Every structure is written in structure tokens, then in C-alpha cells.
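The first chain written gets the first letter, and so on, giving A, B, C and D; residue counts start at 1 in each chain.
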Amino acid sequence: MPLDATARGVYPIAPTPFQPDGRIDVDSIDRLTDFYVGCGATGLTVLGVMGEAPKLDHAEGIAVATRFIRRAGSLPVIVGVSAPGFAAMAGLARASMEAGAAGVMIAPPSTLRTDDQIATYYRQAAEAVGPDVPFVIQDYPLNFSVVMTPGVIRRIVQENPNCVMLKHEDWPGLEKISQLRAFEAEGAMRHISILCGNGGLFLDFECERGADGAMTGYAFPDMLVDVVRLAQAGERDAAHDLFDAHLPLLRYEQQPGVGLAIRKYVMARRGLIASDAQRKPAGGMSATARAEVAYLLARLARHDPRAAV
Amino acid sequence: MPLDATARGVYPIAPTPFQPDGRIDVDSIDRLTDFYVGCGATGLTVLGVMGEAPKLDHAEGIAVATRFIRRAGSLPVIVGVSAPGFAAMAGLARASMEAGAAGVMIAPPSTLRTDDQIATYYRQAAEAVGPDVPFVIQDYPLNFSVVMTPGVIRRIVQENPNCVMLKHEDWPGLEKISQLRAFEAEGAMRHISILCGNGGLFLDFECERGADGAMTGYAFPDMLVDVVRLAQAGERDAAHDLFDAHLPLLRYEQQPGVGLAIRKYVMARRGLIASDAQRKPAGGMSATARAEVAYLLARLARHDPRAAV
Amino acid sequence: MPLDATARGVYPIAPTPFQPDGRIDVDSIDRLTDFYVGCGATGLTVLGVMGEAPKLDHAEGIAVATRFIRRAGSLPVIVGVSAPGFAAMAGLARASMEAGAAGVMIAPPSTLRTDDQIATYYRQAAEAVGPDVPFVIQDYPLNFSVVMTPGVIRRIVQENPNCVMLKHEDWPGLEKISQLRAFEAEGAMRHISILCGNGGLFLDFECERGADGAMTGYAFPDMLVDVVRLAQAGERDAAHDLFDAHLPLLRYEQQPGVGLAIRKYVMARRGLIASDAQRKPAGGMSATARAEVAYLLARLARHDPRAAV
Amino acid sequence: MPLDATARGVYPIAPTPFQPDGRIDVDSIDRLTDFYVGCGATGLTVLGVMGEAPKLDHAEGIAVATRFIRRAGSLPVIVGVSAPGFAAMAGLARASMEAGAAGVMIAPPSTLRTDDQIATYYRQAAEAVGPDVPFVIQDYPLNFSVVMTPGVIRRIVQENPNCVMLKHEDWPGLEKISQLRAFEAEGAMRHISILCGNGGLFLDFECERGADGAMTGYAFPDMLVDVVRLAQAGERDAAHDLFDAHLPLLRYEQQPGVGLAIRKYVMARRGLIASDAQRKPAGGMSATARAEVAYLLARLARHDPRAAV
């Protein structure tokens, strides 16, 4: 089933599990995928920035994506295909779709500045992956240094029928969600799915602003699922209560540079992956940092027993 | 009393209060200063980025600094003197010290890249403000795009006897504090005061890592004072309990681009300043954003009655 | 006479002459201005980037501008008023216009990214300097990291009646000139003056593309005057012959970081200013570099006797 | 023969020839390589930025490099292996060396800032390609935004025995060459080969400063060969005479964004490649630009008959 603009819920950003010697840990891919399916995720995103995609070579990237896709069964899988050029992007997109991906995600190269440059890039990228391949815009200025106004996103959506989703991780970004939904309400833009990233740091309010859910990699995707469900069910206070209990840890994990180390460490402690190994270059955790995480987990466990690991 | 390397506690970053027509609101300067003094701040920093310093002309900057200094009485006041050139920096530093400032704060220009460029800049800046003027390094890569390693900070400290403090807002930054304190323990660097910024987002652990306190502008400086006091008294759980209660609002305020609008809005609601007006260019708050803040304040008030505003 | 959109010819970017001890050298301001007037410049621009404007404090900036303006007599003088905030910009603009400036020049802050941000900035800046003050857009992406499409420039022109000129130093930029002139030909944009910077590195073709002349600081402004005159008279080969003879030196001067040192050195050798001193931070010239310039001057002097210095 | 630190002369940066439909033009690879061999190039560099390497997928990159290597016979070929991650870099390096490459070239990712980050990156990259693979540092701040001091280059050279060459395209850069050669003279750094890029814009003086030659892609590599030969033979005036005759065109070609279009256009006119086609994204040339190039070629042909095309 190809991805479309009605997608909702939580698409965790899957880390790529490695063995301590740097080889890909395929057993952990399976275990992790089973966990995502079991906890209520509605989809999955692989080979994103936090999936260490740039550290895989072409064949490895396809192998990892394929393994996730097969194990995920009916769950739609989005594959990050951002690449320095369109040939590599198209190759990875084609291989992914053939392996059963639901769609692809495309981040802008950090050299883009003007509105025209951004729109042109997405037109060329959409053409490169092909008109039948649904794609997701990744809007993450803190990481890519590319700033997209709501007007530019609208332009991309209008110019490319295969654009079906926005991975929103602008910062600040709440008004951007409201603005895009206002465009839709006015009939000035067709509807797209909006899933939010940024580690979930503003997920509590993003849902209230009109986002369809989350696409991020926080080590407790099961919490993200619960918060989105509660928010969509109108149980505002309950959603915030759960979110707030996780916020101290979530914020700790959301540190650039060391965030992935923390995330993998917690996931390994939870038993979701066998090892917290990363390929180089990698940020590491000191003993003090590990102790701080243990302290945060212990505090969190008083509110959420899933944190008792 | 000039600032020295033994400084500890909380130096709030003071916003510059404006009237709705853009004029400086001197009455609010007084009221705000009285609040800082009353709530246990150990110092004060004015004309920082969040003090809208670049929006003041030279005479206004001196007038604002002077008003804060006079009202603060015995509380040491640090004045931000970052400027595009050394002539303006030296002029503002001189005027500030004559008005009674305890020291000055200097941020690096965003064009600096290499270790040598950074060290050279601070040598020239230290010479420009004069050897008798204590200064604070502002280390804020997210805002200035200048990355200082612990080794470069040590170099600045060693090369400039009048460097007495680091305003630490690197991100991630916990290991940096540990590294600098390790340099001191090894005798590889003389002691300096480290006060932490970044809106306080990691203050809970920063104190535990060896920071001397906070220098940031969160709308509840009284909370910062309490957290630092609890942490320094070894009451770890109590410090985290209070911090965690504030974290949802603190994180909301810490959004780039709209953070100052939120901060001034909350301070105005608390009665600390008369108006949340900013000079242009300014991020604004939508009605939805104001309602979100009201919701966060209401939730916070269940734990901290100071939020019942 | 206020600056208007009919301006043509050469507006040299004047360096600010300093004495070796860093004081402003007012006698050299007079001598340099007399030279500009004498060699056929049609205007003058002071306090630009290469005028070391950021190294002057507020009072010094006004004093330098005023001295140039008075000495220039009937020659229109444009004053660079770029500043970190609108209060300082407005203050400098007001003081300059009162001293007799013909208009002001405004560069964008390096944080601007999107088309909307750029257009908004110029609207606010135009309002800050006041509707009666003619202003020049400085479009210099290599230095400011802000990329303005022809469409954005058109938007600034259309939204601000007091925008009368573009200082064009985009790179590559020839097509941009053609595009802006095409807008004018189609009636899609009112006419503005376009003067070109970038040290003159493409002046030969810029004139042919429709530029009205040059606004740059090459140490032989008299050559710029001749090239523009020849180009406007349709003497294409003669314009290129003269330009090409200067190109080896011009290119040498156009090196970022040391360009101003070279420019001032040559101007001092020509007797246009008394000293090549710069205020800190300043790039310097090695003995080898000075010998290279001497060699270039000697080679140039075979074609242009003005280089025999 | 592996590349070593004694390399001298001219290693042209080879463009990748495409057919108008985007397929790789292998016949033009052969023709171009024959030309390089015939005109006196001492080596060859393929898959650089101007070789549109990022627009090739992995298999295409290897195929292009292999074709150049086989055709070049005894001429050493350097393959650009810069990649977003070490797995892809190592794979391309291995395949290139197996195909007969003499060494590889590595550019820094644009996220590097501090001296330590740069040195660490090159240590990890050197390890990734393997200790037996000679590598070239590409120092090109204008393109990569990474600034390497002479001290950092020395550190890379000292820490990695397989670092044998610097592709120097810093700007300004003459003093950097002098500084590195001074390190060698003082015994503070082992000797490396320095070949200069930047389109050759400063090649005249770079040779005099101690560079071993050029590594750049100007459409007249035969001129580069002559200038380096004349400079090394001490025929200073003759070297400058030839260089200066080419400078107007060379400078025109050296425009960011459209430079490659101009280069391929001239090379196609010279018959070195069949078509000036680029893969997307690509800067194009207007009819006016083509006429300007024709004019420059005609003027150049008066001094250098090779330009009569």
C-alpha cells in the first residue's frame, strides 16, 4: 500500500542497530520492528539521519531497508533517500519501492537558500524518484540550515502530486502547523499528512495544532503512541500528564551530537536492540552521562512502569 | 566590586522593558530589578541578546545599563558589550564600568571558525575593553555559529587574566563543564566561574557537573534560584522535582524566534514588567500560543503557586 | 540633491584613512575626496564594509561621513548605515542626511534566509530610516550569506518607493543584471540604478549587461571611470583593453581577508592616502606580498602610466 | 605507482562528459584523457566537485574512474572519494585502487568547525580508506565552509603517514603556501606536494610561493602546463605574460554556479568533449553568456592560437 496523505499516528524513526564491531545487527532489526508493531506504531521510517544512513554504503542501505520492510508486514515503511545527487537518490528509491516500501523521505541539501531554489530542488527530486513514488518533505532547519516558509511548503505540495506528507521539525514550529492547516481550510492547499519530529519535544501541542502524529525516534515510541492517541481522543490533560513525565528524559535525549548515543543506550537497556554501538563518527556517553540517564529513568518509572529497566 | 572568578548563584538575563510605543520603560526596569534582588539573585546581566541590546542605540544602551546598575544596589551587574567592532565595544565597556558595572560579557562574531581566530579575537577584545575590566565569555554556538572546544576556552582563560567567567550555553554541554572542571583539578587551567544559559534547559544536571549556577532569562528566575540552592545543598531530588515541574513551560519558552515573546508575556502576567512589547524585528504570539501558555501556567501552578498568575 | 534612480557612473567605495596609531586621518579624507572628484567619479560611498565602518564608534562614523560629504561638494555621497538594529541604523541615517548625504546603503543581516524574511527586513529598514531617505540595497551574498533572487529584489523595489539603487555584487551576477533589466523592459518593475561591486572583477561585462556603472573600491578608481565611460560610449574593445591590463592587479586585490590591506597599500603608494593603516582586526601584507604588488604595478605601468608609482 | 609527496606539474580536474540525454559519454572520456596526456599533464584527478561526482551513483562513479585510469596509461590518477560517510568512502577508495588509481582525494564535510574536529575527521577518513592508500587533503573553504589553518594541515600531515598532497584552494592562500613551506624548512613538518586549485586564479604567484603545480579544471589545461613549466624554469615574465592573456577568460570561468557550464562549453568548442551537457542540478548559459565567451576567446586567440576555436 503506497503512503498517502491520510497517514496518521506514529511512525518511529528507526535506528540502525549495529554490532559492537560495526556490522549490521539484523536480529535487532527484527526485534525492534516487532516492538514497533506491537506497541501500536502505524508505520515506520528507516534510513533517516538518526538511522545513521550516511554511514551505510549503497548495498547496506538497501539491505537494512529491505529487512525492516519484510519484518514490518502490513505496516507502511518510509525510506530516507536523501543523497548528494539524484542518481543515488533515484537508485535507492527504486530499490526501496521494489522491496516494498510505502514511500520515501527527502531532505534538502544544506546549500539551498531562496524559495525558488527549494521549490526547484523538490521538483527535480520528485522527478528523479518518479511520479509514482509518494514522498515526504523533511523540514528540519536546525540540522539542514534550510528554512522553508509555509508558502514554500505549499508550493512543493501543489507542484508535486506525489508529495503526501511533511515531516515537521522546524523550530519554532507550532504556528507553521496552524498556518498549513489554515491553507487547507481556505482551499489554498490540498491536504497532506503532518507528522512531527524534533525528538517529540513539542508533541503535546503539535497534536493540538493539527498534526497527525509523530515521526521521531525517542527511545519510548510507545509513549509517543499513547500521547497521540490521547490527544486525538480529546483527553488533553491525560496526554500532557504522560508527556510531562517523559519530558526530562526526552529533553536529555534531544541533545544534538550525543542524542543518538543516549537513545541507543536506552533502547538497549529496554532490550529493543542488543547493543548501543554506532559507526564512526559517533558521539559517546561518559559514565556520568549514563548515571544521569539511570537517574532520569528511575524518576520516570514512578509515573510510567515501562521505564523500570 | 568587580566581578571575579568566585561568582556563584543566579544572574538573570534581564529583558529590556519597552512601552507599547517602543520607548524604554524605566519604571519596569526598577520594578524588575527589585524583583531580582528580592528573589535571591546574586547578580544581574543586562544588554544580552535577550535584552534586545542590538535594538538600542549607543546612548540608549548606556542609559538602560545605568538604570539597572543604580537600582541593583550592591548586586553586581554584568553588561553585554558585544559589538561589530572594538571601538563600539570599548566605548560601551568604559561607559558601563564608569556607571558601576561589575564586568562585561563578550560574544564572538559569527565569522570566527578556527581555534586561532577565536583566541585572537578574545585577546583583541580583552585589550579593547582594558585589562582592568573583568569579562565573561559567551559560548553559545546555536546562536553565534562559533564552536569553542574546552581547549580553546582554556586558552582564552590563560591568555587573558581579566577573563573571570564562562556563560555556558553550548549544546550539548554537560561534558564540557566536566572537562573544564577537570582542567582545573589537574592544574591545567585556573578556576573560573561557570554560569549556564540556554534558558535553563539542562540546569538540573549542569549544577551537578560543577557549574556555579545560572545566567539565563527564564520568566521564573525565582525557580532558578531555588534549583541552584537545592542543588548546591545536595538536595538532588528536591531540585529535580521543582525543575521538572517547570520544564514543560521552560521548554516552551526556549523556542528560538518566539522565546522572548513568551518570556516577556509571562513576565508581564507576573507583574514584573508592565508590557510584553518588543522592538522590531520581533516574534509575536498568536492567541493560540497565549492560550497554550495559560494552560502550562495552570498546570505548573499545581506544583508551584508562583505560577498562579 | 537626494539620490535617485537615474544615478550613473562610478561611486568609489571610500576607505577610511587611519593614522598608524589608529586615529582617523582627516587630511587624507580630504586628499582622497579631491582625487575622487578630480578623476571623474560621479558620487561616493562611505562607511561600507571596506570603509571599516564596524570599527568606528557611532560618533566617529558620523564625523567621517560628514568630512567626506563636506569635501565632496556637489558630488552625492551615500553613507552605509547597516547596523545590528534599527535604532542605530535610524540614528546614523538621520545624522548622515542632516550632514548632507544623498542617500544611505543597507546590507541584510546574515541571519536572513527566506524571501519573506528578506522582504520584511527591507520594509522595516525602509521605515526605520524614513520614507524621505533614498536607500541602496547591498546584495553581496559572498560576504553576507544572504541570497536575493531577482524576484526578491523586485519585491523590495516595489514595496519601498525610497529604494533607488542596487549595489550589485552577487556572484555569478551577469544574468541577474539582465533579468532585472528585463523586468523593467516588461514593465514588471520600475527602473532603479544598478552599480556593481565585487572589486570590479566583472565590470567589463556588467556595463554591457545594463549596469549603470560601478560602486567598488579598487585602488584605481580612475580606471573604473574610464572603463565605464568607454563602455557607455560603445567603445567595447578599448574598454576591455584597459580593463584587461588592470585585471591581474584587480584580481590580486580582490582576495577576501587581505584585499583591503592591498588596496590601502596601493592607494598609499599612489599618494591618495598617507598611510595604509587599518584598525584591528586587520589582515596584513607580508614582504613577499608587497613585492608581488610591486611586480604587478610595474607590469601594469607598461599599459597604464598611472601605475608607475 | 602510488602517489607520493614528490608529485609535481599539472593534474587537471577532469569533468565527467555526459551525452545530452544524461548518459555517460565514454568516448569523450577517452578523447579527453588523450588530450591531457598529450598536452603534458603529469597526472589527472577524477570525480571531484567539478567532475559532478555527487551526481553519479556508486557503480557509475567506479565505471568513470576506471575508464579514465585505463586510458591514462602510466599517468597517475587521483580519485575523489568524498562521501557522506566512511562506508561509502572506503568502498569507493577500495574499488578505485583496485582499478589502478594512484591515490584518493578527501574533502571535509561542511559541518566541521574546530581544529580538533578537522583533525579527527581526517584520522578517521585515513583509517577508513586504509593505511596503504595515499590521500590528498582538499582545502576549499569557499565551497565547503571548513577553514583549515596551516597548523591543522600540519597536524593532519603528521598524524597520517598516507597524507601526501594538499589540493590548495583556500582564498586568500598565498601566505598559506609560504607558511607550509616554512614549516618544512624548519623541520616542523615533512614535505608534501602542494597543487593549487581555485580555477588557477592565482597560479602565477602560487608557483612562486612554492606550490608544485596546479590541480584545477580550467578549459585550457595546456596553458596551466605551460605556466607551471615556465615558472619552474624561472622564466617569470613569460609565465605571467601567458597567464595574463588567459586571465579574462579564466576569471569568467571561475564564477561559482555557472563555472562548470562555461568550462564544458569551451571544452566542447575545443573538441575535447562531444557535448557540454551536465546532469541536474546544473547552471546553464544564456545566449548572451555564450557570446561573451566567444568574445573572450577571440581576444585570447590574438595571444594564444589555441583559443581560435
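As a working rule, a contact is a pair of C-beta atoms (placed from the backbone, for glycine too) under 8 Å apart; a residue touches a chain by one contact, two chains touch by 3 or more.
Remember, it's a predicted structure, so these values are computed and weren't measured experimentally.
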**Asked** Chain by chain, through touching neighbours only, how many steps does the shortest route from chain B to chain D take?
**Response** 1
**Message:** Interface check for copies chain C and chain D. Shared numbers divided by all numbers used: above half gives same, below half gives different; which is it?
**Reply:** same
**Request:** State the chain with the largest centre-to-centre distance from chain D, centres being mean CA positions.
**Result:** B
**Geometric centre distance via CA averages, chain D-chain C, whole Å** = 33
**Message:** On a C-alpha centroid basis, what's the spacing between chain A and chain C, in Å?
**Reply:** 47
**Whole-Å separation of chain centres (CA-atom averages), chain B against chain C** = 38
**Item:** Residues of chain B engaged with two or more neighbouring chains
**Value:** none
**Request:** If every chain is a node and every touching pair an edge, decide which shape results: line, ring, star, complete or other.
**Result:** complete
**Prompt:** Hey, which residues of chain C end up touching chain D in the complex?
**Reply:** 171-172, 174-175, 178, 201-202, 204-205, 208-209, 240, 243-244, 247-248, 251-252, 255-259, 283, 286, 288-289, 292, 299
**Fill in**
So, in the complex, the side of chain D touching chain A is made of residues 52, 54-58, 60, 83-88, 90-91, 110, 120-121, 124, 279-281
**Item:** Footprint of chain A on chain C - complex, ascending
**Value:** 113-117, 146-149, 151-152
